[in-house]
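Only one structure is covered here, and it is reproduced in the block below.
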Amino acid sequence: MNLHTLAKSLGVALPLVQMVVGLVALAAFVGLNAVLLVWMERKVAGHFQRRPGPYEVGPWGLLQTVADAVKLVAKQLFTPPGGDRTLFWTAPFTAFLPVFVMLLPLPWSHTLTAFPVNLGLLLILAFAGLNVLALCLAGWGSNNKWALIGAARAVAQSVAYEIPLLLAVLAVVFLTGTLDLGLIVACQGDMPWEWLGASQPLAFVIYVVCAVAETNRAPFDLPEAESELTAGFHTEYSGMGFGLFFLAEYANMIVVSAVATTLFLGGWKGPVLPGPWWFLLKVYALIFLIMWFRWTYPRTRFDQLLNLAWKWLIPLALVNLLATAVLVELA
Amino acid sequence: MTPLQLYQLAALALLALGLFGLVWRRSLVGMLISVELMLNGAGLSIVAAGQLTAADNALAQLATLLVMGLAAAEATLVLAIVLVVVKRFGHGESQDIFELRG
Amino acid sequence: MQCLDSVRKQAKSLWSLVVGLRVTGDNMLRPQITVHYPRRTVESLEGYRGHVQLVGKPGDPAEPRCICCMMCVNSCPSACITVQVKEEAPPPPDPAAAAAPAATAKADAGATDWSERAQVHGGRLIPKTRDGQVPPPEPPAGADKPAGKAPAKAAGKGEDKAGDKPAKKAAKKAPGVWSLDFTLCSLCGTCVAVCPVDSLEYSSNVYLAGRSREAFSGMDLLARLRARAGAAPTSGEVAE
Amino acid sequence: MNQTLAAQLLFALYALVILAGGLAAVLARNLVRAMVGLVMTLFGVAGLYLLLNTPFMAFMQILIYVGAVVVLIFFAIMLTRSPAGGEEAKPRAGRQALLAGLAGLAPAAVLGAALLANPLASATRPAEVELKLLGAHLLTSYVLAFELISVVLFIAMAGAVLLGFTRRKGQ
C-alpha cells in the first residue's frame, strides 16, 4: 500500500504517517541490530583473541544474544534501597528513547529517510547530549558511590569531547553549506576520493575519536570501567534496566557510525550496489573499527583522556575549522 | 484568546515560577535553576512575538540565541562561584553566607 | 628544535597506535589456537602440573622407585606427605631402626624443625640434575648427606644413621604407605625437585574430581600407581 | 484530524509539561529532581518552539540547555555536596512562602493583565526563517551582538577557570 493512500484514508498528514512507519521500522531495526551487534562484538572479540567466540547456541552462535536477552528479561528488577526510585527508573529510558529521534533523519538511500529534516544534523547533535543526562540520573539514582563516580566521569568526558566533535562536524558543514544530511550526501561522489573524508581527513579522525568517547566505548569507557568502578553508572541495574542501557549503547554506536558515514564516507553512495547496502556496509565497517579499537587499546587514564580532548583534539579541530573556512572563502 | 497571548502566558508562567523560585530557594544551585527558568520564559516570549506578529522573525530568533548564549555564560560563572563558596563555607546554601553584607 | 622533537615524539606515539591495530589485526586473521573442548581435547598435557604421583620402576611399573629417604616429607612446606616404610621389606639389621622412623614420620611431619628443613633444602637443591638419575645402589654424592640427615632428625635417633647405609646396600627400602593430603598441597613442586631417585612427578590428570573432602585429604598414591600400572594409561581417571 | 486542533492539543501538552516541570524545578526538595524538572521545562519550551515553526531554536534549546547548562548544573549539585537534605529540605516559614508567592505573582499579574487587555493581532501560521538568513544576519547587521556574546562567553570561561583554579602546593 502506498503511504499516500494510507495517509489519505486515515485523514492525517503524510509526514505523520511517514514518521510513524519510520519509527516502527527503526524500532525493529534497533532491536534486531542490537542482537546482531552483540553477537558481532563477541565474535570479533573472539577472533582478536584467536578463539571462536560464541558457537554453541544456534548456527555460529547466532542465537546466543537471543538467549541472553531472554535471560535479561526474566531477571528481577531491583531498585537499590536508599536510591531515588523515580530517577533510577527514568534513566534507562532517557538513555534509550532519544536514539529513535537520532535515527529519524538519517538518509539510508536516495529516497529512504524516516523523517527528512532540513536540520537533521543539528537534531542528532542535540539529542546526543541527552545520553549524558541519562548517565547522571542513573549514577545519582543508584545511591552507590561507584555509580556516582561513573556519572561524574561521564559528565566530564562528554563535555570535553562534545566540543571537538561539534567542531569537526562544523568543518563539514562549512564545506557543504547545509545541515540536511541528505544534501550533505548529495555533495559527495560515488568514489572514495570524492567523499568528504578525503578532503577532511583530520576532521574525520577527530570525529571518530570523539565518537568513541561519546559512546563510552573502550579505550574511553571510563564511566563504566569495570576494573575500577565495578560497572560504573549501571552497577545497580538488573534485568532490562541494564538491558536498555545496553541497547542504547549499541544503538548509539549505530548512530555515530551512520553520521560518520553520512558526513565523511559518502553515505549511501557507492558503485554497483544499491544505496542502502552501501550505507549498511560502511556503517558496519565503522562499527568493526570501533570494536577493533576496543580489543587493541588499553583503557586510558582519566587525566590522559581529558588532556587528549582539551590539549590536542580541540586545538586541532579549531585549526582544521579555520583552514576549512579559509579554503571555502578562497574557492 | 489569540495564539500570541497563549504563548506569552506560557512565558509569563515561566517568569513567575522563576521569580518565585529565586526567593524560595535557599541554595545557590536552586537559584540558578530558577534563573534558567526565567531566561527560558524570556526566550519563548521573544520568539513567539517574532513569529506571530509582523516583527522581524530572524531578529527574534537571533535575540533568543543570544539569550541562550548568555544563559550558558551565566551558568559557567555561577558554577565557578558556587565552587568558590563551597570551598570557603563548606556548603552552597545562601542562608549562612553573610560575608557579602555591607 | 625542542618543539620539532616533541612533534616527532607525538608522531611516533601516534604511529604506535597504528602498529597496535596491525598487531591485533594480524592475530585476528591467524588461525584460532583454542580447541572446541567437549568435542576435542588438547593432545599433550606435558606442561600440566597436576597432583604429585609416584613413578614406577622401569622393570616393574606397579612398584615405585621410592627409597623412603623422607626428603619429600621433610621438604614439604605444607607437611602434606606421609610415607611409611613397608614392614615386610627385607629386614634391616635392626628392625626397630626401620620401624621407628616410619612410625614417627607421620607425627613428625607436621612439626618439622625449620632450621633443619632449610638445610635439607639447601643441601639438596644444588646437585640435583634431571638426567642420570637411574637409582644406583648408592644415591648420588650430593644426596648422601641430607638423605642421611633428614631421617636421622625425623627419627630423632642416632642408630638410624648406622642402619641407613646397610639398608640401602642389602635391601632397598620400599614404601608401604605413600599418601598425599591434597587438600593441603600447594603444588609447589619441592618434593618433585628434591627426590633423589626421581620417584615423583606431576600427574597430567586434569579431571581430578571428587564428592567429598576426604577423597583428597589422604590420597593413596601407591594404589594409584598400581591402578595405572594395571590399567592402560588413561587420562580420564577420577579420584576414588 | 484538523491541523489547528492538533496544534492546540500539542500546545496544551507542552504547556502542561512546562508547568509540571517548572513546579518540580522550583519546589522539589531534592536538587537533582529540581534539575529533572528543569529538563522537562526545557523540552516543553523546545516543543513550543517547534510549534512556532522555529525548529532551529528548538534544537539549539536542547543542544545548549540540556547538553551544556543542565550538565553544568549537575556538576554544581555534585560539587556542593548537599543535593538531598540540607537547607532545601527544611520546612519553611509560612511568611516566606507568602513573600515568595508575592514575588512571583505580582509581576505575573501586572504583565498578564496588560497582556490580556491588549490582544494583538497574531499570525496563525508562522513562517520558518531560513537558516542561511539567520547566519547572514549574524554576520552583517548583528555582528556586534554576535561578537559581544562571544566575548562574554570567553570572559565567563576565563573567569570560571580563574575562580576555580587552586594553586598547587609548592608553586
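Each chain gets a letter, A, B, C and D, in the order it is written, and its residues are counted from 1.
Rule of thumb we're sticking to: a residue touches a chain if its C-beta (ideal position, glycine included) is under 8 Å from a C-beta of that chain, and two chains touch if they have at least 3 such contacts.
Computed from a predicted model, the values in this text were never measured in an experiment.
Asker: If you drop subunit A from consideration, which chains still connect to each other through contacts?
Answerer: Connectivity check, subunit A excluded: B, D | C.
Asker: Which chains touch each other through the most C-beta pairs?
Answerer: Result: the chain pair B-D has the most contacts.
Asker: Would you mind pulling out the distance in Å between where the CA atoms of subunit B average out and where those of subunit D do?
Answerer: Each chain's C-alpha centroid was found; their separation is 6 Å.
Asker: So, what's the distance in Å between the C-alpha centres of subunit B and subunit A?
Answerer: The answer is 32 Å.
Asker: Could you grab the centroid distance between subunit A and subunit D? Build each centroid from C-alpha atoms only and quote it in angstrom.
Answerer: Comparing mean C-alpha positions, subunit D is 27 Å from subunit A.
Asker: When the centre of a chain is set as the mean of its C-alpha atoms, what distance in Å lies between subunit A and subunit C?
Answerer: That pair's centroid distance is 56 Å.
Asker: Can you list the residues of subunit C that touch 2 or more other chains?
Answerer: Answer for subunit C, listing residues that touch two or more other chains: there are none.
Asker: Could you check subunit D for residues that touch two or more other chains and list them?
Answerer: 56, 60, 68, 75
Asker: Would you mind listing the residues of subunit A that make contact with two or more other chains?
Answerer: In subunit A, no residue touches at least two other chains, as defined above.
Asker: Tell me the shape of the graph of touching chains, choosing from line, ring, star, complete and other.
Answerer: If you draw each chain as a dot and join those that touch, you get an open line.
Asker: According to the definition already given, which pairs of chains are in contact?
Answerer: Result for touching pairs of chains: A-C, A-D, B-D.
Asker: So in the complex, which bits of subunit A are touching subunit D?
Answerer: 11-13, 84, 86-87, 90, 117-119, 122-123, 125-130, 132-133, 136-137, 140, 148, 152, 155, 158-159, 162, 177, 179
Asker: Would you mind writing out the residues of subunit A in touch with subunit C in their complex?
Answerer: Against subunit C, the touching part of subunit A is residues 44, 47-52, 55, 292-293, 295-297.
Asker: Quick check: in the complex, which residue numbers of subunit C touch subunit A?
Answerer: Against subunit A, the touching part of subunit C is residues 17, 20-21, 23-25, 27-28, 30-34, 36.
Asker: Within their complex, state which residues of subunit D touch subunit B.
Answerer: For this pair, the touching residues of subunit D are 11, 14-15, 18-19, 22-23, 25-27, 31, 34-35, 37-38, 41-42, 45, 48-49, 52-54, 56-57, 60-61, 64-65, 68-69, 72-73, 75-77, 79-82, 86-88, 92, 96-97, 99-101, 103-105, 107-108, 111-112, 115-116, 119-124, 126-127, 129, 133-134, 137-138, 142, 145-146, 149-150, 152-153, 155-157, 159-164, 166.
Asker: Okay, in this complex, where on subunit D does subunit A touch?
Answerer: The touching residues are 1, 3, 30, 32-33, 36, 39, 55-56, 59-60, 62-63, 66-68, 70-71, 74-75, 78, 83, 131-132.
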